[in-house]
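Both of the next two complexes hold subunit A, though its partner changes from subunit B to subunit C.
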Partner chain A sequence: MSNRGTNAGPGSASRTEPRFAPDALDRRPVKPSKLGYNVGMLVVGIIFIAAIYGTGMDVRALVDLPASIIQYGQLMAQGVFQVPDETVAGYWTQSFAAMFESVAIAWVGTMVGALFSLPLGFMAARNMSPLPVYVVVRFILSVIRAVPEIIFAIAIMLPLFGFGSGGGGALAGAMALGISSIGTLSKLISEAIEAVDGGPLESSRASGSNHLQLIRWAVLPQVMPEVIAIWLYRFEVNIRASAILGVLGAGGIGSLLSTVFGARDWDRIGIVLVVIIVVTMLVDQISAFIRHRVIHGAGVRSGGGEPHDDDGAPGPGAGPEAGTTVEDDPAPKSARAAAGL
Partner chain B sequence: MITFENIDVVYPNGFKGLSNVNLQINKGEFVAIVGLSGAGKSTLIRTINGLVPFTSGTLTVGDDVVDPRSKAKLRRLRSRVGMIFQSFNLVTRISVLNNVLVGRSAETPTWRSLLGWYRAEDKELAFQSLERVGIVDKAYMRASSLSGGQQQRVAIARVLAQDPEVILADEPVASLDPPTAHKVMRDLRRIQQELGITTIVNMHHLDLARSYADRIIGMRAGEVVFDGPVEEATDAIIEEVYQRSLTAEDIVASDSATQGTVTSAAAQD
Partner chain C sequence: MAITSGTSSHSTASHSPATHGASTLGATPRPEAPKPSGLVYLGLGGLAVVAFIIFWITGVSGNILLIPLGFVTLWAPLYPVIGLAVMLLTLLVCFRARTNTMGAFGALAFIIMSYWAGSTVNFTLLEIPERWSNVEPRLMAFLDPNWSYIWTVRDQWLITLSMAVVATLIGCAIGLVLAMFASPVSSPNKGVSQAIKAVNSVIRSIPDVGWALLFVAFIGGTAHGLGPMAGVLALLMFNIGIVAKLLSETIDSVNPGPVEAADAAGANLTQRNRLAILPQVLPGFVSYGLYVFELNIRASAALGIVGVGGIGSAMMLQLNRFAFENVAAILIALIIVVLLVDMFSMYIRRKLL
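On to the complex of A and B.
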């Protein structure tokens, strides 16, 4: 009460004086209803149980799970931890070679996706393209996203380029990953573009820029770090996908895995799984590190001067003669800034 | 010279931004537009370069009649009319120099712009613009590493790089602290006097308007309700424009001795 009195101007004090002293409890908010939340939880639970019975899952099999995990785990561990003689060393190198083929397939696929996704992302961004283009491109992208990369591989790419490790199968896998990458990458990039700060766009427009100049100097510098991060993330996803495509005959570690699975050769399966896990984690870590660098910069070692305001007098040091011009494109620039240079 | 003849602006949602505005702004004048928020200050300024298309009337800038429907004509007009914004609107991830070079967009072929291969004379002009606002030493730094006042001066340099006939400034100092606000206003005033560029500034700080402008235009509900030299814009007149008495909010607390009558008005309130 005393607060209100002092805040109001001297002339208006009488107006804010309450007619009745309010009860302290009157100020407390009413507890909001939890009905919606409870109903929601109930629905989730019902769907869960319905899904189990609807599909005829035999939940009792879960009881045997720990025993089977130990059994197969032992079989595979025997393969991994045996002292490698000539043949076992061959298994290891064969697995690593196949895994690197998978990574290579994923990289080529990601590059294909990245190449097409940038222009398509602009076409699918509402703030960058006219309505007809936007609608058509969005529709095409959603069709692409609706088809899993496995279907692309089985139905289109493998028949076109041929099966098997090396050559045809690898190309088929890369193309399948590339096309399905275009779908998601373009969508994510278009969303990044739509979230761009409109201020620089307005100032660029006010300077008489045309549409392409505006994209180049107001939009790209803003979205490029995010776009690179999206590309890298898709590369991580594609590594897993390329391992799966291999099982279908697209080459790489998947082909090897399906061969050894066919033979129920548990110690070789163990080796292949270890290689998959180790290499995937390694690439993920590297990729995540680069993504973090690109988005957040190098942290405290930023090279820029302290933000401070001098009173207009040009300080000593860099003048027009300093260094070369800075006409590089935004990708290396943001990477360079991220590296603290 | 800029001439408004019976200009109306109706926004797509039916809101009337400007109604029947008639103005004549002479070459080389420094005009401050005052009014409460929502009075149509920003709309008035943005009709001049076509960022907001007017819906009826005739608007001429120099010899050209503004046509909001022709994109090519608007681009040509915008190349001669520079604009400064409250939030600076720099592209913070690129260098100061590249931000200033955006001001050369209209004069640069698109392929050069896309590759960033600006002509040597354009770069020279950009450097001269930075020198004029006193921050050429920051040319190769990222715009994001500059303080607010410095960023606004980069924005002024970007406008100067356009070699404009008119500078529009939409609340250029509203997000700056008082001493910096005065610095930026002094820069604008100096540039207007040195280069003879017509300067139109929106502001809500009356003392800044009085100390830097030649002429004050008062707006309320999309209409021009006062138009006259600074000396005529007394506290009583401005209170009439605002439809309320002046308060401490209407002045920038400042290091300079320019507050005069407004302070006393604020004290009375």
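On to the complex of A and C.
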């Protein structure tokens, strides 16, 4: 105190003498060993180089890449910006029709998935179902999640419903997407159910409700906004996933993509890509708006009216579920929800 | 958490407590949900009729509903009429349940969207029994896969795994940088952040197979060495989109304390991002990386269809030869590999985080 009082004048920043000889406590802390980190980095580096050799890819192709991107990019831009005459207008309508078919495929797929995912989600939630049911349903769901949707498409749906846009291919794609959606959707829904507030459950049990009444009056009102958000998320994912099924013959934008790329028709490729980007971003925006509205209610503005990617608080991403994460999957839930994005 | 209505002010006036008959004790009557305004519901009914007319005009189905009325027989297209009935019924239920306007509109929009999507994909399950004979041979092949074939495509598996590793590592690195620029917390200014976000949402909106076709075309073929190159580049774009989006959202929500401390200590932007933000998001980053690696395994198998090499190409070859027992072997191996990668990444995640 007294020291400070006397030395407080401006410019007199003289140091006070240390009262003790410096000992171990005054030394800077020892840096923790970085050995583990360095070894880890080294291993990753070795794996990386080995993997580059493993792909057998021709790195020299990269040298020509910028030139060809510019060249073909110009061709595509010419295609997009040319004055639409009869044929070009036809290309645009065809592209939009194919993209809307993709959206329809994704919607039907999401509906099929949603239909099954709600009951399965309840069966896979530990606080809602007995242990044997829980274990069996969890196992089935993890098998479904491990199977890529092209497998459902190739093995069952395409032969069952037929190929091509006209011949049932769209329905085949939708069913394949629907079946493979079940796994992720049910898992996310079961996690939302496991994270519900226990109060309403307890009070409805105390007032003598049976299991169905419990679900109807205590659980569903709590999880429904989140469930709707999860479904919409999957809808966005399915729009992108339907493209790969389209290449296999399931109709939609994927079929058109493989046709125009097969012909190397750069005008049309440019048009198709622009249509994909516009429609996908539009659907994402609408879906993000609805998700935000459903989760937060009206009146809560999403931050600052940003035009892009403004789904800062998606249902499955935010929330107190972190503590109740199930053992087989501690990945961030927003990452899970974006599966196949 | 409830879906609140922005237009509930319409309906509060119509709520009249007097109708309940005042009790002898003079207690206030039990509160009820306010009655929604009938006018708005009438408007929604009009919307349903407009949708019905559009369905009628654009519908291609020849199914016709005949309504005999004795002196004259009315006809109407079957499916649009069913659609209209469902829409009006839903509105009625919503009205009786006193759903607010926004909820009723949402239900109506849902039905219209579903009708449109269902009619676009010609949704029907009636053909399944007669077409089941097409599926049976394939399912039989799946139950009896050609196990010896699995070992002969091990090189293709190696290519697929390698592609996934390379794309994951490079994609995560680029994604980290982009995320740093995209989040307003860590970017130099708001303009940069908005621009990067716009670019990123364009990158994300093109599906992975679109990128694969694009790079195959750019590089000029799928000859030896060129296919995997195109595949890696396609997966790279796919990964950049995911990692940049997820990570920039993580950066948005970092604890501001360390950032402020770094600013107060006079750190420049690089130092601040390196020392105050990166350590906070590192666990999330590793986790996203492992997740993206899983996605890449599936995606690189799928992308083989467009000829970027790897196991997908081998599968497509067998599929075109109608050698279903070989396809079945590959698909089963794919499921096993995906499960193994899943377990491996779970192990790493547990070790690291």
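FYI, the second predicted complex is superposed on the first by the 236 of 341 C-alpha atoms of A that agree within 3 Å, B and C clash if a C-alpha of one lies under 4 Å from a C-alpha of the other, contacts with A are read in each partner's own complex, and residues count from 1 in each chain.
Note that contacts are C-beta pairs under 8 Å (C-beta built on N, C-alpha and C of every residue); 3 or more make two chains touch, one makes a residue touch a chain.
These numbers come from a predicted model, not from an experiment.
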Task = For A:P200, decide between first (touching subunit B), second (touching subunit C), both and neither.
result = first
Message = Quick one: is A:N210 in contact with subunit B, with subunit C, with both, or with neither? Answer first, second, both or neither.
response = first
Request  = Go through the superposed model and pick first if A:L232 touches only subunit B, second if only subunit C, both, or neither.
outcome  = neither
Inquiry  = If we overlay the two complexes on their shared chain A, which of subunit B and subunit C does A:A170 touch? Say first, second, both or neither.
reply    = second
Inquiry  = I want to verify the contact counts: of subunit B and subunit C, which reaches more residues of subunit A?
reply    = C
Task = Scan A:P221 for contacts with subunit B and subunit C and give back first, second, both or neither.
result = both
Key: Those residues of subunit A which subunit B touches in one complex and subunit C touches in the other   = 221-222, 225, 306-309, 312, 317, 328-330, 334
Query = What does subunit B use to touch subunit A in their complex?
reply = 49, 51, 75-79, 81-83, 85, 87-91, 93-95, 97-98, 101-103, 105-106, 108, 110, 113-118, 123, 127, 131, 133-142, 144-150, 153, 155, 158-159, 162, 168, 180, 183, 187
Message = Residue numbers of subunit A touching subunit C in their complex, please.
response = 44, 47-48, 50-59, 61-62, 64-65, 68-69, 72, 100-101, 103-105, 107-108, 111, 143, 146-148, 150-151, 154-156, 159-162, 168, 170-171, 173-174, 221-222, 225, 240-241, 243-244, 247-248, 251, 254, 257-258, 261, 264, 269, 273, 276-277, 280-281, 284, 290, 293-295, 297-299, 306-309, 312, 317, 328-332, 334-336, 338-341
Ask   = How about subunit A: which of its residues touch subunit B in the complex?
value = 199-200, 202-210, 212-213, 216-218, 221-222, 224-225, 302, 304-309, 311-320, 322-323, 325-330, 333-334, 337
Query = If you look only at subunit C, which of its residues touch subunit A in the complex?
reply = 1-6, 102, 106, 113-114, 116-118, 120-124, 127-128, 131-132, 134-135, 138-139, 142, 158-159, 161-163, 165-166, 169, 194, 197-198, 200-202, 204-210, 213-214, 216-220, 224-226, 228-229, 231-232, 241-242, 245-246, 249-250, 252, 284, 287-288, 290-291, 295, 298-299, 301-303, 305-306, 309, 319, 327-328, 331, 334-335, 338-339, 342, 346, 349-350, 353
